[in-house]
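Order of writing sets the labels: A, B and C. Residues in every chain begin at 1.
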Amino acid sequence: MLDNLLLFFQYPPLAIDVILNGLLIGAIFALAAYGMALVWGVLNIVNVVQGELVVLGGYVTFLLVQSGMPPLLGLPVSAVVMFCVGWLIYRAVIFRVVDKDIFISILATFGLSILIQQLANLLFGSEVRTVDAELGSLHLLGGTVTLAWIKILAFGLALVAGAVLWLFLRHARLGQAIRATAQNPRAARILGIDTDRVYAMTYALNAALCGAAGSLAVMAWTIHPYVGLPYTVRSFMVVVVAGVGNVAGVIAAGLGLGALENAAGFIFGVEFQIAFVFALMVAILVWRNARAARKRSHLQ
Amino acid sequence: MMKGFVTGLFLGVALVWAGAASADEAGTIRLGAAVSLTGKYSSNGAFTRNGYDLAVKRINEEGGVTVAGKTYKLEVVYYDDESTPARGAQLVERLIQQDGVKYLLGPYSSGLTEAIAPVTEKYGVPMVEANGAAVSLFRKGYRYLFAVLSTTDQYLRGAVELAANVNEDPSKLRVAMAFENDPFSQDVREGVMEDAAKFGMKIVIDDKLPPELNDMSATLSKAKVLKPDLLLVSGHDKGAALVVRQLADQRVDVPMLAITHCDSAQIAEKFGKIAEYTLCAAQWASTLKYSDALFGSAADYATLYEETYGHAAPYQAAESSAAVQVFADAFERAGSLEPDAVRDALAETDIKTFYGPVKFDETGKNMSKPTVLFQVQDGKYVVVYPQAFAEAEVRWPTPSWSAR
Amino acid sequence: MSRVNDWHIMAALALFGIAAPFLLPGLVTQLAFLWLMVVFALTWDMLGGRMGYNSFGNIVFFGIGCYAAAVLQRDAGLPYFEGLALGLAVGAVLAVLAAIVFGAALLGIRGHYFAIGTLGLGIAAGEIASGWRYVGAGSGLALPLYPGDLGSREFFFCYSLFALAALCFLTCRWLYGTRFGLALNAIRDDQDKADAMGLRTTRIKIFAWSVSAFFLGISGGLAANMIGFIDPRDVAFAGATFGVWMVLMAILGGKGTLWGPVLGAFVFHVTQELFWTYLLGWQRVALGLLIVVIVVFFPQGIMGWLAERRERRGTAA
């Protein structure tokens, strides 16, 4: 562990490399997490099937490239296809659990996730899949810092998607309806908002964002049917830290998580990378709780 | 009323369950097998199953197995172990007690083999396995366990030896390792550690990749500045695909890269140019000069496999096929279907197969077949080590990315 | 119609538990897993159903039990059964200690954040175990071989787990009848009011979690020996399988009821085994579908559904 820290001092650009790569990894998590924050905030559903939506998005891009299309075209196509898939999932299952206890929705989406995992295994095969976007890498500081262009693209896209989402929620008609429904679905219904349609659109939008994230994931890394869980868990964590319905918070938390995770993996050894992140999450929750308790006792 | 209903439900459920037993059939020998059809090992589990099926099909086409004058067809009873050892205990009981299976083919993964072996041992059920060869399995004195493959620690020893051969002073070599944190890869690591110590090499990176990992940049960044002479990676198909991918993305220059599972991950086919120079540890390669009466040569096997399943034959499938051949041979020599007679015949096995020679030592591992290293050269897997099997010279050192 | 009461069902189940291994000799290990599932569902329900604290982290106590037994049996140098007994005892104690420590930290968190915190705990525990050399790290640990006769191993673990499940059930049944049971419900219904009434809610919550942890710790040691090999993520801290099944079984049967978790465990385990046996390669699709159907159409569980039906019939008559 100490050796690893020393490396940072011996090769200062290395720290930049680790942190920058972490930020770029975080961008893909952030992209997957926007949707989770939205669905959680609006439908009050913790969408455990998030990671599988990402993986499906990746398969859409993979199949497209297999049939001879350019990889980058996969990005919009995955988003559109997953939008439809999301809408279907809403119509089939999600609308039945919207007004139920949040725990019911966790289990329902967990059921969906193992179902989709095995369906993907049967449909697309269990092999590890990847797509080369042939974008190459960017080299800085004499080659010590190397950033794959596809990850830089992901980073840019995550920022743009965040900004667009923010503007959309603020100014677009549907965006306003989504916010109104999130605040008070009954009042929204009274005002003539078709909340069921808003829910469907929100869920479909979530799936579309996941699709884009999956498309980037298959180009930057690899996918296979059982790789969804890390995405679900990371998105979940990002949303927990950022709070629901907070677009700027999600991007900050996503990037931070990526950088922290990568740095932790570097310093403590990769075998403790995930343990560190989750221990940190538990610590944050405990700390927030303790602070809230102190505040409560002040009020008394 | 309600309580009555509940009791009824309990009873009904128990009855349905009890009815799940099945009968045996005359004229066939049933082999039981647990394979990973779902979960993290599902791709290699599928190769294992393909290998078993192909051999069973060929043997039955050729008239089956003759035991004491009577011919039998082979049949495999499959269960899905879901890639978790938690299924092990149930599986064996199901196969042995419910399905009346008297011989087992091995599962995929060392963990599951560890969970199953003590139970088969107890029941005296011979198991020939092809995909789980942790060294620790052969230290426990199991009598009914036979492995056609070389033990796991052998995988990357060849790479360490090769590095020691091509470099002038092996004791100056710096080795970086990134092995998945699972029983298989950690066993590979043990072998490497032992050999590296023997040559006096220095380990500069020793990372354990978590199975959920989808990015290796933390490890590779380290490799970038520490400049090891040899990078060793083992993490099933995903690890193989990731390291080839990200080494190129991050432009990390290593003179020698050796990994496991590259033929099952199909790195040459999927990655093209960037996979060049990669050394791959394998139990078998289709270019080796082995042959037998059932499949013909190793190359014939590869052709048949590709015709049947539509992709190149990975060694996981080849060794699985060989396991079935070993059983067939033992049945015929035993002249009886008594598990103990079959066990003794297995122990005496000394055959040549398309997969290589099979002859077990007293611990049950196949001592006569070496592991090989092949290298991706111009998009093909070419055996480069050991010398006796090499088809071509190893291409070393790997040029830097700026020169490729 | 004669009244069937709790005692009749318990007697029938006890009979089933004792006789079943002889009647179904090919299914003894699966029966043992059934009793394990009953323990899982009952211990989860104590917090999730009775107290309203939905935990995704109970698997931690199971994992601690697994590792305690495995490490002690490896290092203590005792004969098999003595080692196992010591392992179980230490596992139970460590699990209870862990429940007290984690409980003090986490049980103050309410609602979804408690579920999330416990989920994080479960995942972190598995990852730490798989990085820790002393407990075998990612290579896992093999347990010592059972020394008894052929076939006796299955019987031993089946009856041990049956005894544990029975003990766990009786403990729950007794506890829910006391003031403690009422206190749990009070916390679920309105924690602030329970506080205001002078209940020491924190202490009660920690005690409840400790009881869960006690049984889970023992079950972990037994299960580890039965499975024979523990892998940190796939067996000991198997959050994505055992960890979620606990919750599912309790909900399927009807959470917050005495018989619900038991019934849920029976139905879930048997269905899952049937899927696994007859739908090779498709069993997870079927299981996923089943889970969706369960929680979408029977969120009240079988017991809740039955109660509703009876009520409706009552008003109709």
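Things worth noting here:
We take it that a contact is a pair of C-beta atoms (placed from the backbone, for glycine too) under 8 Å apart; a residue touches a chain by one contact, two chains touch by 3 or more.
These numbers come from a predicted model, not from an experiment.
Chain contacts here are complete: no pair of chains fails to touch.
If you compare B-C with A-B, the chain pair joined by more contacting C-beta pairs is B-C.
Farthest chain from chain C, judged by C-alpha centroids: B. Each chain gets a centre from the mean of its Cα atoms; for chain A and chain C, those two points are 32 Å apart. A separation of 35 Å divides the Cα centre of chain A from that of chain B. Looking at chain A, one finds that residues 117-118, 229, 269, 271, 274 touch two or more other chains. Multi-chain contact residues of chain B (touching two or more other chains): 38, 181, 208, 210.
Along chain C, residues 127, 130-131, 137-138, 281, 283-284 each make contact with two or more other chains.
The touching residues of chain A, counted against chain C in their complex, run 46, 93, 96-97, 100-104, 106-108, 110-119, 122, 229, 233, 236-237, 240, 269, 271-272, 274-275, 278-279, 281-282, 285-286, 289-290, 293. Listed in rising order, the residues of chain B touching chain A in the complex are 38-40, 42-43, 45-46, 178, 181, 207-210, 212-215, 217-219, 221-222, 224-226, 237-238, 240-242, 245-246, 249-252, 265-266, 270-272. Residues 1, 3-6, 8-9, 12-13, 16, 20, 23-30, 33, 127, 130-131, 137-140, 142, 145-146, 150, 153-154, 226-231, 233-235, 238, 241-242, 259, 263, 266-267, 270, 273-274, 276-278, 280-281, 283-284, 302, 306-307, 310 of chain C are the ones touching chain B in the complex.
For chain C in complex with chain A, the touching residues are 54, 105-106, 108-109, 112-113, 115-117, 119-121, 123-124, 127-128, 130-131, 137-138, 240, 244, 247-248, 251, 281-285, 287-292, 294-296, 299. Of all the residues in chain B, the ones that touch chain C in their complex are 1-7, 9-10, 13-14, 16-18, 20-21, 37-38, 78-80, 82-86, 88-90, 93-94, 97-98, 111, 114-115, 118-119, 122-123, 136, 180-183, 185-187, 208, 210-211.
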